[in-house]
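Below, chain A partners chain B and then partners chain C, in two separate complexes.
And then the complex of A and B:
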């Protein structure tokens, strides 16, 4: 991956950026790294373990990172969509960042392995299913060699359809069981590149809309709100589900909402920040079958 | 606080009617309505003496665009069996586009609730203008009939494991049983002041 290292070194040497956000080899596998000197660029890697969505670190509220100066970020296709989401919502200025795109052949479900795993239907991340941006286009430079298609993993749509086929009571029982494990640690929020509110609604106490005690009622309120706030914005990078310490299948909810915004408003997540998000925009002839 | 002849809480089962209360079940409906159209329409329904069920608690907001989805979640948490969201017809919004934004959000939120297992039949979305008092009465009556068929929303109310009427800090604000079609008055015994007091679940609204 010397092309990536050379690019980062050049950007830092020429003073175009002050920090390169990428991945490095950690003691337990790949992990994010913030490279601030050209000499450290040899630490940068990219392989199938580089699953983290580094767009999360572009959140302007992460002042300890913005304090490092202008950043270059290594992005996969799914990460580029998240960057586009931040640009769309005026959280970032395009001129204020440099995007180094990498050609991606799919990532593993788990970054904590000492060598890049051979991707198979078992090891590939669920997020790679149906990926349409294996070579991001909105980037300043694209590095790496062309990669093969990722192996086909479990069909997320089939799992969503299986849930849809149940009765509401059965779905309620399913989600009550899943969400009862939630401890409201908000790892899903912290990992999400688009959960970037200055003050999250769950931290508001007057009035307290969402009960923070981790019983299923508060958990329902939290996950309903998290999902609704990401409707039409979620890029499907799957970081929330990976970050979840108790394994709640948040990807199912996110995928369902992607389907809903597509069916109702014809919207698919775009890498182009000029395409408006469906919530916040409207059309006078929107569907209103559900309104009496 | 006087507890003599405490009126029976609507929807509560009579003491001698164990498990067969569906026929007497009176749903509790929360309605979030816009100030300019539906609230005025509901007012018209009242001044026109239209006959409609009185199970609906109306909460007036400036616009349907102001109705956040957490309002609906909170209503279900606090004991609502069904929710009505109603505002101005398209192109009639006092603020030009609030109802269009609401339409998009609730189109998505309705599907989200359904996916998490909340029967969308418990939710009614409607456009009721200021002159449609009759339509408001129909919306209310139809919603109540639908929710009555579905029964109490115990599965959601019981999520925190403490949704019995005695724990309900708002039980003392209930309307008298006669106003909602309930029958017998509950005995005062067993409903002492302590069980009616707020149970410390935290008032968040």
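And then the complex of A and C:
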């Protein structure tokens, strides 16, 4: 912990950055914090409750944050992949940010606790299953102790497989039920580090592709469009699902997309921004099976 | 308020057989915004077009929908007619009720209903059409020809004779290409050099052709009419202005054991060399890889290990310190004529190819490929035109020719037919028999493909007059047996095994595109097929164009081609280039993409997926003029309107003129009945 605080303090002291974006102790577990003075660095923490993907705050269109000056961001493996996504899509310049990597052994499924829970197959977040990044590589500095692999839980994949096993009608019924609760509050979008458009497609009115009233028709259009836009870009950080006030299992959609993108393009989200994502790549030998 | 006219074509019986055109007209007459709907037997005929023009004038139409064939067929026709009647041509749209409806359906009732739906959909789209203006872009009237083989030379000459400057780039030290290596050419058996070298000289001396040999295209920027091409002039080590081609340097060079590329490895050349006596320009190049001096320099020797050529040169033309230089040429059109290479069936195989180790190539010296045979038969070749085999210089009394080595063999080679081998093998047997009267020429073949003027007669002549023995079947193994080359084959017509004790074997190896064609294609944004041949825009109707406007294809870079075809293609590209250069400005279809700079986030996914390189970066400035971001910009001169950028744009900030979101949305709504 003190290593993280010391690093942040040094960055601020030396004027290398003007703000350090990290986590602090909140009333209901960890919460994001924007530390702008060296004295406040003692507030910084990192433990299994630090689920928030802080890359979200690097969106260049969040002017209240960019106004703070050059930022250092504390990143877990999944967060580093999101930063790579922003770099890949020219939303950031690598030299314009400092990345403080934290060694992460998984985060909690229920992070709103006063003390960090011991991670087990029951308590670990579903997002961590299959995560192979103990130490993010693309960072400027790395802090914390070496971490074990997160406890194994195939929860998300099992649920995706169960959905895949349903008939189309049953699956449609499942999603109709889930999506009927959506109020189109767009918390999922706001929490997503890669939803960084100036004007979201849902706000486009001429023509209005997506019905914005919380009717299943518009809800389907919204979530399917969002899924399409995140295919091959989603890092699986699970923040959309955590942000959803009505508990829609968006993680299922994201995981299914990851599987499809892998099957079609052999691509898994990379921490290296130089590796092109399928959406931003054109190759003459791209599969065209979908035309047949 | 929209005033749309709908015109339904019977296309004779093509549409009317399955679609009740009268019923379509009747239904559309009731459609909101439609003021006139009529059907006619041939809408594309003169009376049909007059009908449309009159309706535009009489009804003051704001939009026209022609329900007929594919827009590929007649959209231009009807847009032109509408323009003549004073309407902006881009408010005219086609509803395809032929290819998409009448031709593929049998049930008249259902087909009619579908035609009505199709028409309504397009009517709704046209309500959102905006008048567009043809894009006009200036044209630089200079052409670049890449490759100085027969196709490139011909294209350059035709364009230059048409009155425009040409930059001809050749990667080797001389122009001439493969044709300069050939002995005689089918189907007339005239001497290849004799018909080619005058063309080479003509190209060299042409006042409007600028020739860069020993040069390669490094970078291509820009778009049709406005390319900026950077050419790498590889260090020749010989000053082209000073050298008089005397050849003293070549005589002085002590490194004399280097395989001659021109003689396909059948003779040796010095390190400083003119590729062949008739080379154009007649000027040597120093092969730095094999030169003793440069080998020494690479080893870091303090003192140059040689320098004989420089000492000998009376003109002081030798320059050991020259580096690659770059020149940039402004170009309006590009002809690609990079030609082919032969499939290398040696031990070392390119990725993905298995090779033909069983044919003993590279190990048995008397197993050679077609190009090597050309050199053996050539009067300018290593044997002075005498038929002598490579191993011991003896006259081969039995020569086996094996066709389709690498071609038509998806398992081990390429699936395509290399096209020229049937003819050149027939020619080889004749050349051989003309030189060795008592010799045997045995040909193993799969089929004889001799389509072309005088081609079948030619291959028959090889068999019937010159006595070549044609055996239909493949060869399983070729190996050395004493001073003989044993060929095991199978005659599939008589179903018997055949063993030939040959003195020499000639493999008709497959034609493949030049190495590096993929990188060149990427520089030019031209696509290529799985075998590496460059793709034409349409196999029938646009065979020498590519999907990148202003880039044309001549010769064997597009597919295996013989000389007449390469020359014909070259002439065709020249016609296209001259047509392009005939106007000062170039008109382009305005169906191009346009970026909304207000909502573009500059992720540049569009740039990565654009097959044409049409996306550029533009700075966005704040009120004080400081750059505060970047957005995408579509260069309308380059954009081909494919819409890929529209599909990938996450923020829906790109629209395709003529296919805007509004228009597509209206179409979907019309179909959904909303």
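Structure notes:
To be clear about the criterion, the second predicted complex is superposed on the first by the 289 of 292 C-alpha atoms of A that agree within 3 Å, B and C clash if a C-alpha of one lies under 4 Å from a C-alpha of the other, contacts with A are read in each partner's own complex, and residues count from 1 in each chain.
Methods note: contacts are C-beta pairs under 8 Å (C-beta built on N, C-alpha and C of every residue); 3 or more make two chains touch, one makes a residue touch a chain.
Please read all numbers here as calculations on a predicted model, not as lab measurements.
Once the two complexes are overlaid through chain A, chain B and chain C clash, as defined at the top of the document. By the touch criterion defined above, A:38 reaches neither chain B nor chain C.
Look at A:276: by the touch rule set out above, it reaches chain C but stays clear of chain B.
When the two complexes are overlaid on their common chain A, residue A:168 makes contact with chain B while staying clear of chain C. Of the two partners chain B and chain C, it is B that touches the larger number of chain A residues.
When the two structures are aligned on the shared chain, A:187 is found in touch with neither chain B nor chain C. Of the two partner chains, both chain B and chain C are touched by A:207. Shared-chain residue A:197: touches chain C; no touch with chain B.
In the superposed pair of complexes, A:261 makes contact with chain B only, with no contact to chain C.
Contacts of A:89 after superposition: chain C is touched, whereas chain B is not reached.
Clashing C-alpha atoms with chain B appear in just one stretch of chain C from the list 96-104, 204-212, 312-320 or 348-356: 96-104. Shared contact residues of chain A with chain B and chain C: 201, 207, 209, 279-282, 284.
Listed in rising order, the residues of chain C touching chain A in the complex are 527-528, 530, 598-605, 608-611, 629-630, 644, 648, 650-653, 661-662, 665-666. Within the complex, the chain A residues that touch chain C are 60-61, 89-91, 196-201, 204, 206-207, 209, 229, 276, 279-282, 284-285.
Within the complex formed with chain A, the chain B residues making contact are 68-70, 73-74, 77, 90-91, 97, 100-101, 103-120, 124-127, 139, 142, 155-156, 159-161, 202, 204-205.
By the touch rule above, chain A contacts chain B in their complex via residues 163-164, 168-176, 201, 207-211, 215-218, 220-221, 223-225, 227-228, 231-232, 253, 256-257, 260-261, 264-265, 278-284, 286-288, 290-292.
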